[in-house]
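One chain, subunit A, links the two complexes that follow: it is found with subunit B in the first and with subunit C in the second.
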Partner chain A sequence: MIPYVARRLLMVFPTLVGVMLIVFFLTFTIGNPAVLLVPAEAEPADIARVEAALGLDQPIPVQFAKYLGRIVRLDFGTSFYSDGPAMQLVLSRLPATLQLSLAAAVIAVMIGVPAGLFGALWRGRAADMFLSASVLFGMSIPNFWLGLVLIIFFGVQLKLLPISGMGTIKHLVLPSITLATGMLASIARLIRNDLLDVLGADFIRTAQAKGVGRAAVFVRHALKNSLSPVITLVGLQLGALLGGAIVTESVFAWPGVGRFILQSIERRDYPVVQAATFVLAVIFILTNLVIDVICARLDPRIVYD
Partner chain B sequence: MYTRLRGLIAPLIFLLIASFGMAQRDIVVGADSNGEHYDPQRGLSGSAHIMMAMFDSLTRLDPAGNLQPSLAESWELIDNHTWRFKIREGVTFHNGEELNAEVVKLNIDRLVTPHQTRASVGSSVTGAAVVDAYTIDIFTVDVDPLLPSKATNFLIGAPSLVQDPDNDSTAFNKHPIGTGPFKFVKDVPGEYIRLEPYADHWNGAPAATSLTFRIIPDRSVQLAELISGGVDFIENVTPELIDLVNSSGRAHVVISDSTISHTIPFRLDVESPLQDVRVRQAINYAVDLDSIIANVLSGYATPIATVVLPGVLGYNPEVTRYEYNPAKARELLAEAGYADGVTIEFDFSPAIGELYNTEVIQAIARQLSEAGIKLNLNSLEYGIAIQRVYGDRTVNPAFRWQWKIWYNDPDSILYGFYSIGGSAAFVGDQEIQDMLHKARYNMDNAERAQIYSDLQVKFREQALQLPLYNLKYIYGVSDRLEWEPRVDGRLYFGQTTFVD
Partner chain C sequence: MTSVIRRLARNPLFLTGVIFLLPILVFAVGAQWIAPHDPHEQVLSLRLTPPASQKGGNPAYLLGTDGLGRDLLSRVIYGARVSLLIGLAVVTISGLIGTAIGVTAGYFGGLVDTLIMRVIDTFLAFPFLLLALAVMAVLKPGLWNLIMVLALTGWVPYARVARIRTRTLRGVEFVEAAVALAASSARIVNRHVLPNISSSLVIIACMEVGAAILAESTLSFLGLGIRPDIPTWGMTLNEGRGYLLFAWWPTTIPGIFILLTVFGINMVGDGIRDATDPRSRH
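And then the complex of A and B:
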């Protein structure tokens, strides 16, 4: 397994280079940051001076060479707006995002997995119908709307929980529930359908035939087999969540990476956009790697090739 | 025994009430985004409210927009390239350093360093020289009648931070030091910035015990925080929510005039039907603005006939709007050879134009279509819109725009758009160019006012724009505060008092 992991880790580099290439050229399509940095009454000469100060007046191949030279040293330059090191600015937002995403993932798994089991065990009954309806609701409800409804109900009317911001554990409740809803619903549905498939499989009948108890069949044979798609799903979703839950972060004024990236794109703050994309790419790639390894441990059918 | 107890309890209750009263003197402002930077030489945009709390400028505008002394007590024109400012004595920075002419010079030196031109607030300034301890000369390229007004943006930072003109903004971003009514305590990016009053402020210490700008990007959430007491102040309350705020028992709305002109300028430098003055006039005749203001904006706007607003230098009250006359519009179109209708490409950004901007544009498009003018609406992201206007100048022949008029002077909004070679010059009329130039480099205010007044007549005749309206600012303010709005829309809490 170690050579497999090593090989996968080596693959990280070409992937990152590809990502950074795309990001570099995409930043040029979103416009010139200089016009946004100067006040409205600035004259063309002012804009030209700002371009020169930022190095944006140089030919694109030259800018590209400099950019490559910087990122191999993990130097992403300084923010056009605050002069702070871009990478440091991005990393300073990461803990808030980690806290929110992990809380959401925990809620989604803790409720989604039992809900899915419940649906599979009581398939076709009223409880299952209710569950399926809730799942549909959970998957289709937009985050910004759910967030606002929760705020109005728990924050403004009942005054039980803080409306926005970060600080105490109470501040975490509403945003993590909002963020967890979609993921929770996907997990519940996936585990229910998967379990139903597995419960009909030959090896389950074999296990029952050889006299294994009902509970043992369910936990040791069925559940274990249907876990790996769930882990893959959680991994992918977690990767996406770490990229910043832009909508949820905006609604709850959560100071995470997602909102910061959005703001930086709006301001054309290239160095921050590039540093953030780099961090997210690394997180996504590593999350995927960890998930693949866990799935392979769980499922002997997966071989490291 | 009881008397004794009473003797003990009474001061306790007093203390409790007193401390409660103290705690009630914090001001929390719900802000859209955190400050971009806290560097006084990099301009105010984005961080203006926070910067104005921490820094003073050489001159300042009062709430009505009139020029007043601030760190400079008086100023006079010495010659066509020199303004002399008398600096206020006895002013100290938050770190105890003293203000004098030398410190102002350090700030001006840093302002004109090439790499600091990002701000370009002082684009006409070339340098400064100390005359005596409290007198300084500021030099300009040409005669600049607006320099004392522009000096409202010359924020003065502490000498220890501006000494090296090549310093970037890092030191200021870590710990900004000015002479303003509030001093820096803590900045948590994306969460809040907290300030506390500066007891030795030259204009008296503020009444608040602290001033916090909390970052809440979503405006509905800002409102939820206001009516449940989480914040004391928000901007941008929409008209239909005014009653909700006023009946919350915690806050009320404050409505104020603004100096923002909302308009639709036309490009004459690219091929389009708009190059024909009759088509531009037809557009002006075909829009029933009163109905749009009443129905879309709930009446919270004033129609304008010219982008130069009442109260601004050179405002011409004799310039009127084209009356609503769709039949006349059709007639003019037919004369111009568009009897079967005409199609105009139109750019707008939902982020430019504020309140119900998109709805207003849809209403205008509908009214125009009834007169045979079809607007092809292109919605642009904010940065792209700015880029198309000021950057590569690829904006469509008609576009939605808004201008904020600074220091009650029209130069800043007209010069860039109507002088030839201006950053967003799309008209290219030599006569207009000459008039703008003559007004810009002129110390005679009466003459300047006359030029701007004449320009508005020309603008109307040529129908260079479809002028829209001037929107009101609608703020949500805690019932605890007595806060005064400003026509420039900046939030200033140095003079805010509390209802006791």
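And then the complex of A and C:
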């Protein structure tokens, strides 16, 4: 077990280095922030002075070497806009994003799992058709549009819920529903299809032949076996959730990392874009590592080699 | 093949999807003949006219007008053209890239496979939207730039499936026989591997058309799509956002078209999967 975890931890590093390479490359293609920081009537000499102050006048390989040296110490430099260190600015917005993503994940699991379960139980009947069609519908809804429609209906017309910002539990309702839909549909779909696969397996027939009751076969044999693919999917969907947070947060003015990234891309604030991407990638990679370890514990068929 | 077509013709999902998609296809092909108005024509005196079914509606503007007095129906009809073009182009390009990468990894294995898997892991760890956003923020907005960005972020699902299926095929007798007969790698891949994995890839491609259309509308919504003089669903929707508090139609209507199109595509994709997957024949 421990060697397995150690090996998986080692495999995290090449992925992280890859992510940082992409981030570095991207921020260099975004454009020159010095031009945006100075007033429109600035002389080229002023722009050059700002570039020098930000270290943007050095050759790209030198900048990359410095960048890697700083990342090892988790230092992403100072934001070009507000004075604080980029990493701190990002971390201060992280709790808001985690709260939203967690709420969305809980909604998705609580509704998605039973929906998939009943779909498999009632396979081929009208109720299953209805559930499958709803799932497909859920996968087709544009996230940002759903957010706006919820705002129009519950916020503007019914005046039931706040439409922007963060604070009370009421503020959380619309954004978390918006963010949850895609994940909910994917979970329901996976559970249904996976359960149907498992229900056709030989060991289920054996259990039925031994006279095990229908409910017991379903819960003890089938459900237990489709647990690990579901947990794995939840982990992979987290990436989509963090990405979806960019859109959802900007629709609802939710003060999290996603909205901050979008603003920082618009302002060419490299240090913040780099720090935020790094934080999101680390969260994603570590969650999936933990999930792999949990699955390996749950499923004796996974070998720790 | 004929049995697949017969099964498709009886598949309710597939048929419903086709019914959803037909009008969109007609819009895309015949936009200039079908659209009642020029999608760019601004009639400022008719700004924010509600849909004809609502109070204050104007029968000449069935779905109402936007904040600049442009006909929403005409904008949506022209938008179908852009969305379908982008969906199909992205899927073709990313499908080719992904299949080539996945088959290479699965066929050769070893170091090549390890390297490619690391690259795939990196792409999976990176919220794709962020990548697309950052690249679009740099590149000049434009149709082909957008297609390339979406293709560059969309190849991963094909690569993963192509890799696993190729790896399985590598150990199957008829591939081993071809190897024993000293067939070249190119011949084995073309004659034995690709025909056997193509149906899985086609099913992914169907799903990805919908994903590409959603991604395009998301980027257009965030203001990072194609040029502002081409009416797209995402952009029309974004322009309506400013009037959200007193006019629901400029945001709601383009979204309904995105939703119905993607829903139709997903139904067609599921229908094809059911009709070709041996496990679902009961």
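Annotations for the structure displayed:
Basically, the second predicted complex is superposed on the first by the 299 of 305 C-alpha atoms of A that agree within 3 Å, B and C clash if a C-alpha of one lies under 4 Å from a C-alpha of the other, contacts with A are read in each partner's own complex, and residues count from 1 in each chain.
Methods note: contacts are C-beta pairs under 8 Å (C-beta built on N, C-alpha and C of every residue); 3 or more make two chains touch, one makes a residue touch a chain.
Note that this is a predicted model, so its numbers are computed, not measured.
Partners subunit B and subunit C, once the complexes are superposed on subunit A, run into each other and clash.
After overlaying the two complexes on the shared chain, residue contacts for A:252 are found with subunit B alone; subunit C is out of touch.
By the document's definition of touching, neither partner reaches A:179: not subunit B, not subunit C. By the touch criterion defined above, A:96 reaches subunit B but does not reach subunit C. Contacts of A:81 after superposition on the shared chain: subunit B is touched, whereas subunit C is not. Residue contacts after overlaying the shared chain place A:105 against neither subunit B nor subunit C. By the touch criterion defined above, A:234 reaches neither subunit B nor subunit C.
In the superposition on chain A, A:22 makes contact with subunit C only, not with subunit B.
Using the contact criterion defined above for the overlaid structures, shared-chain residue A:151 touches subunit B and also reaches subunit C.
Once the two complexes are overlaid on the shared chain, A:159 sits against subunit B while remaining clear of subunit C. The superposed model places subunit C right into subunit B at 293-301; the other stretches listed in 131-139, 293-301, 455-463 or 473-481 stay free of clashes. Looking at subunit A, you'll find residues 30-31, 144, 148, 151-152, 156, 250, 266 touch subunit B in one structure and subunit C in the other.
By the touch criterion given at the top, residues 14-16, 18-19, 22, 26-27, 29-31, 129, 136-137, 139-145, 148-149, 151-152, 156, 197, 200, 236, 239-240, 242-244, 246-247, 250, 261-262, 265-266, 273, 277, 280-281, 284-285, 288 of subunit A touch subunit C in their complex. Against subunit B, the residues of subunit A that register as touching in their complex are 30-32, 34-44, 46-47, 49-50, 53, 78, 81-84, 89, 92-93, 96, 144, 148, 151-152, 155-156, 159, 162-166, 250-253, 255-256, 259-260, 263, 266-268.
The touching residues of subunit B, counted against subunit A in their complex, run 33, 36-37, 39, 43, 45-46, 114-115, 117-121, 123, 168-170, 173, 188-192, 214-218, 220-221, 224-225, 227-228, 230, 381-384, 386-387, 390-392, 403-404, 412-413, 415-416, 421-423. Residue ranges on subunit C touching subunit A, taken from their complex, read 12, 118-119, 121-122, 124-131, 133-135, 137-138, 210, 214, 217-218, 221-222, 237, 241, 244-245, 248, 251-252, 255, 258-259, 262-263, 265-267, 270, 279.
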